[in-house]
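Order as written gives the chain letters A, B, C, D and E; numbering starts at 1 within each chain.
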Amino acid sequence: MTSRLNVFEKAALGAVALMVVAAGFIFVFAPQDALQGPVQRIFYLHVSSAIAAYGCFAVVLIGGIVYLWKENPTADRLARAGALVGLVFTTVTLVMGMIWAKPIWGTFWTWDARLTSTLVLWIIYAGYLMVRRLAEPGRQAARFAAVVGIFGFIDVPVVHFSVTWWRTVHPGPVVINDALPAEMLVAFLITMACTLFLAAVMIAIRYRIEVLTDQAADRIVAAAVAVPSKAGSTR
Amino acid sequence: MRSLSIALAVARKDLASEWRTRELVPALAQFVVLALVIANFGFQFDSRTAPAIAPGVLWMTLVFAGLVAFGRAFAAEREQASLEAMLLTPAAPAAIFAGKALAAALLLVVCEAVLLPALALFFNVPLSFEVVSAVLLATIGMAVLGCLFAAMVARVRARELLLPLLTLPLWIPFIVIGGQAVQVGMGAGSGGTSSATSLLIDLDILFVVLTSLVARFVLDD
Amino acid sequence: MSAVVASALSQRFGIEVALDAVDLTVDTGEHLAVLGENGAGKTTLLRIIATAARPTSGSIAIFGLDASSERRRLRARIGYVAHTPGLYLALSAAENLEFFCALQGVDRGRVAEVLDLVGLGDVAGRPAGKLSRGAQQRLAIGRAVLHDPALLVLDEPDASLDSGGADLLARVMRDRTAVIATHDHALANRLCPRTMELRHGRVAGVPTRLRIVQ
Amino acid sequence: MRSLSIALAVARKDLASEWRTRELVPALAQFVVLALVIANFGFQFDSRTAPAIAPGVLWMTLVFAGLVAFGRAFAAEREQASLEAMLLTPAAPAAIFAGKALAAALLLVVCEAVLLPALALFFNVPLSFEVVSAVLLATIGMAVLGCLFAAMVARVRARELLLPLLTLPLWIPFIVIGGQAVQVGMGAGSGGTSSATSLLIDLDILFVVLTSLVARFVLDD
Amino acid sequence: MSAVVASALSQRFGIEVALDAVDLTVDTGEHLAVLGENGAGKTTLLRIIATAARPTSGSIAIFGLDASSERRRLRARIGYVAHTPGLYLALSAAENLEFFCALQGVDRGRVAEVLDLVGLGDVAGRPAGKLSRGAQQRLAIGRAVLHDPALLVLDEPDASLDSGGADLLARVMRDRTAVIATHDHALANRLCPRTMELRHGRVAGVPTRLRIVQ
């Protein structure tokens, strides 16, 4: 039965299983936060998906640079996949953060440097996908998108360091500063590992979809070309 | 050398075309004044809130005027399909790009030359050297970025909407830092402007270098 | 040496195949007319030769240089007239040419010469947007020969030209290699010793690739 | 009847052209959010000043988005010289004009459907029925005026700049009255909104009638 | 009744005189070709006949109606093809025609008919911006005959049309009055029993007004 699954399906199943494991750590293993109560459990996925998004956008950056340099369509497809998946994870971070913000800060949104820069990050990569769609498919779309991806990545360090560069409502680094209790740290690291794996699998699947789409276009063309030529040969 | 003379020729051509129409400078000026008028009606405005509101009005006006100016930078080209003719010469795309950015930046400076005094007059805020230099420094970076994306969207569909979408996020650093400098210069906010100024210069250098590296991918294909 | 050597040029737009494995050789100094029905792929082929577009597949060398990697050097040696004149309508005819002198690195003295060549001496100071369609076409032709290119690529250059147009074209093509697309067979035969016909993106009369494989 | 069906055909054609790009609504939404982000950086903004600043931001954004939308309304036409082909039919210019205004107004309403909730969310101001109705009423008048001048400037040079020039002065009544209504609706300012609302309705009627009377002079020559 | 009666038409652009006291009569059902060099004033004259421009001075009546006061009624009876096709590039060929059906108050059923007439049946669903130049020209011609006009005004309609173009033009001009501008004398002679030449804004061979006054 498993033999009928291809490698992508197996990986997807594995990723889902791992996320279930992570959920176990988040909701069972990790201790309840004394001050914030259960809502603090948002933390694990909130931060993990932010880091996964950074990773995806790094793929977009590197894919873009490689494409501009070598004109390698693989690099471009990877970048395409990375942007979409990264946007999904940015959305998760934003939504989780807003859900968290309502009980803690009493509002869904405030113009804090971290929040604003994350919102801008979302907009930049939504713009990236839009350029892809509006530009002439192929070389032009790939080049324009690569340029947007290179400039857009500037916002990633801004998001990350925003809490140290500006005075923010949003909490500063806790993981790096060893401010987490050991059990929370373990739960966080496991969630992060699982999320990163999930992101990698999503990129791989998306990449596969891009390959198949490109091939399908080729095949349609081949069919369209073959028919009149055969007709011609009987002439 | 050759690149420089090409850039100058492109800028001269753009400015000459604009000059022929004769409507640009007065129109930009009136655009700015009208934006101030709208701001005046839209905001609850008095001498106490002026220093808090004036910088915001300054930057919002500049941003929207900039979008119009940079959108126009490639408008004549795309409408007449002359962009292609220009690119089908041995001239370096980066040089062509620099020329267009230069012309657009000059237009924006003209816009600022109207906006700043008008702002000082209408909102009764002081106009210091810091304010002017912050605005001019921000203009450089905004111009190269704006032109880069204007060149890009000139060749895709739905361009009027895509331009702000791509440009505004990357203008934000200039607006934030320039805005701080202006607020301080106008007597609101706190902190020195010298750090803001040097940060603006750093940003300008970063974006000019990055843009000149990628310009050829946007203009040549 | 051949001026243009293209092999198996194909161009696709989405699933539409505009050019299908076209082979082409143009000798130096040769004049070739590309004929064909509307939508046959003439413009597509000429844009590739003029380095204004890249083929989806296939390779093309111009004056021995690869057209996709040596575009910039080649462009100094190619003059192209497209379907649309692509002029700066607010600038005068002379200013249009002067600007392209700067881009091509050519001396401005050439402007007056070219304006005379294309018969626009009288209207040199008039904005290009106020010229008649034929005068705009002449200006576009003038711009294409401004830098004395060795290869001319002309896409329906006779569009809107009056009866003096054929002579003008003969004049600008003399001593140059030229590839022109036109629907006017009489003009093609007059200007070009060799003609070639495209049909649905393929060279008419040449077996398709598929048949060769079979 | 015939005029109505022509107006609808024109509006449908415009919206279909827009729809082909498939990205119009998301692009508008992002534009609006970006404008809010920029406003936030430009203004010294906190919970105390929010009700004073939010209406100004609302109107500045709406005005600039409107200028973009109305500029676009005649953009496809002028770039392809298809305006003339449309005018060389027996269709009444006023009907053609109404169709284009309708399409542009719908785009602006889409824009508002994003802007108002976003404003409420990001700036934490209440969103009452008065605010929404004031904005929608102002849209009608702004749309007919914006399209009138867009049609005019589509046929002259330097149009990107001329449009704001002609349009903004006549938009001012809507901005002033609508601004008042919104300020009251958001809890700042004083006075009732009902008088503002009826004034907006009067203005709408005035400008719709005036515009339909003069449309043929602008579109036909 | 004459289809077009124009007397002393003049058109000035600033100090440039594009048309200088041109008199013209076209009978109903007649086909007239307007010839002339680049800049002779052909487009200027045709735009006035098509009610797309007003002359600086002089008067013109079409089907007995004054062209300046009865523009709207006349437009239902005139079809015009300009130098530029003027299409909606994002809309498909069929959608372009459907839109003009609505403007003309014509039944949509006519679209398929017209697409076949101009030979665009195969590409009806393709965006106009992706058609070749000649196909765009065909679409513009199709739009001009959508409402079955009694008078056709065609400004260089042969531009970019392939060898089937002449037949297409003959087909659309049949049973209609037509004024066409072209540079192709062979085509003009084939399509039009009568030709007229403009020279510097005046009808060639006709004494100028000045001389008449003298």
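Note that in this section a residue touches a chain if its C-beta (ideal position, glycine included) is under 8 Å from a C-beta of that chain, and two chains touch if they have at least 3 such contacts.
The model shown is predicted, which means the values in this text are computed figures rather than measured ones.
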Any chain that touches chain D and chain C: A, B, E
Intersection of contact partners for chain A and chain D: B
Interface ranked first by C-beta contact pairs: B-D
Rounded Å distance, chain B centre to chain C centre (Cα mean): 38
Distance between the centres, which are taken as Cα means, of chain E and chain A, whole angstrom: 57
Approximate Å spacing (C-alpha centroids) for the pair chain B, chain E: 45
Interface hub residues of chain C, defined as touching at least two other chains: 54, 90
Set of chain D residues in contact with two or more other chains: 20-21, 23, 27, 30, 34, 37, 157
Multi-partner residues of chain A (each touching 2 or more other chains): 120, 123, 127, 130, 134, 139
Arrangement of touching chains [line / ring / star / complete / other]: other
Pairs of chains, among all present, that meet the touch criterion: A-B, A-C, A-D, B-C, B-D, C-E, D-E
Complex contacts: residues of chain A adjacent to chain B: 68, 120, 123-124, 127, 130-131, 134-136, 139-140, 143-144, 146-148, 150-152, 154-155, 158
Residue ranges of chain E touching chain D (in the complex, touch as defined): 50-52, 54, 71-73, 75-76, 78, 80, 82, 84-91, 95, 99-100, 102-105, 127, 143, 147
Chain A to chain D touching residues, read off their complex: 107-109, 111, 116, 119-120, 123, 126-127, 130, 133-134
Contact set on chain B toward chain D in their complex: 18, 21, 23-24, 27-28, 30-31, 34-35, 37-39, 41-44, 49, 52-53, 55-60, 63-64, 68, 71-72, 75, 79, 157-158, 160-162, 164-165, 168-169, 171-172, 175-176, 179, 183, 188-189
Chain E - residues contacting chain C, complex: 13, 16, 36-40, 43, 83, 123, 130-135, 137-138, 156, 159-165, 183-186
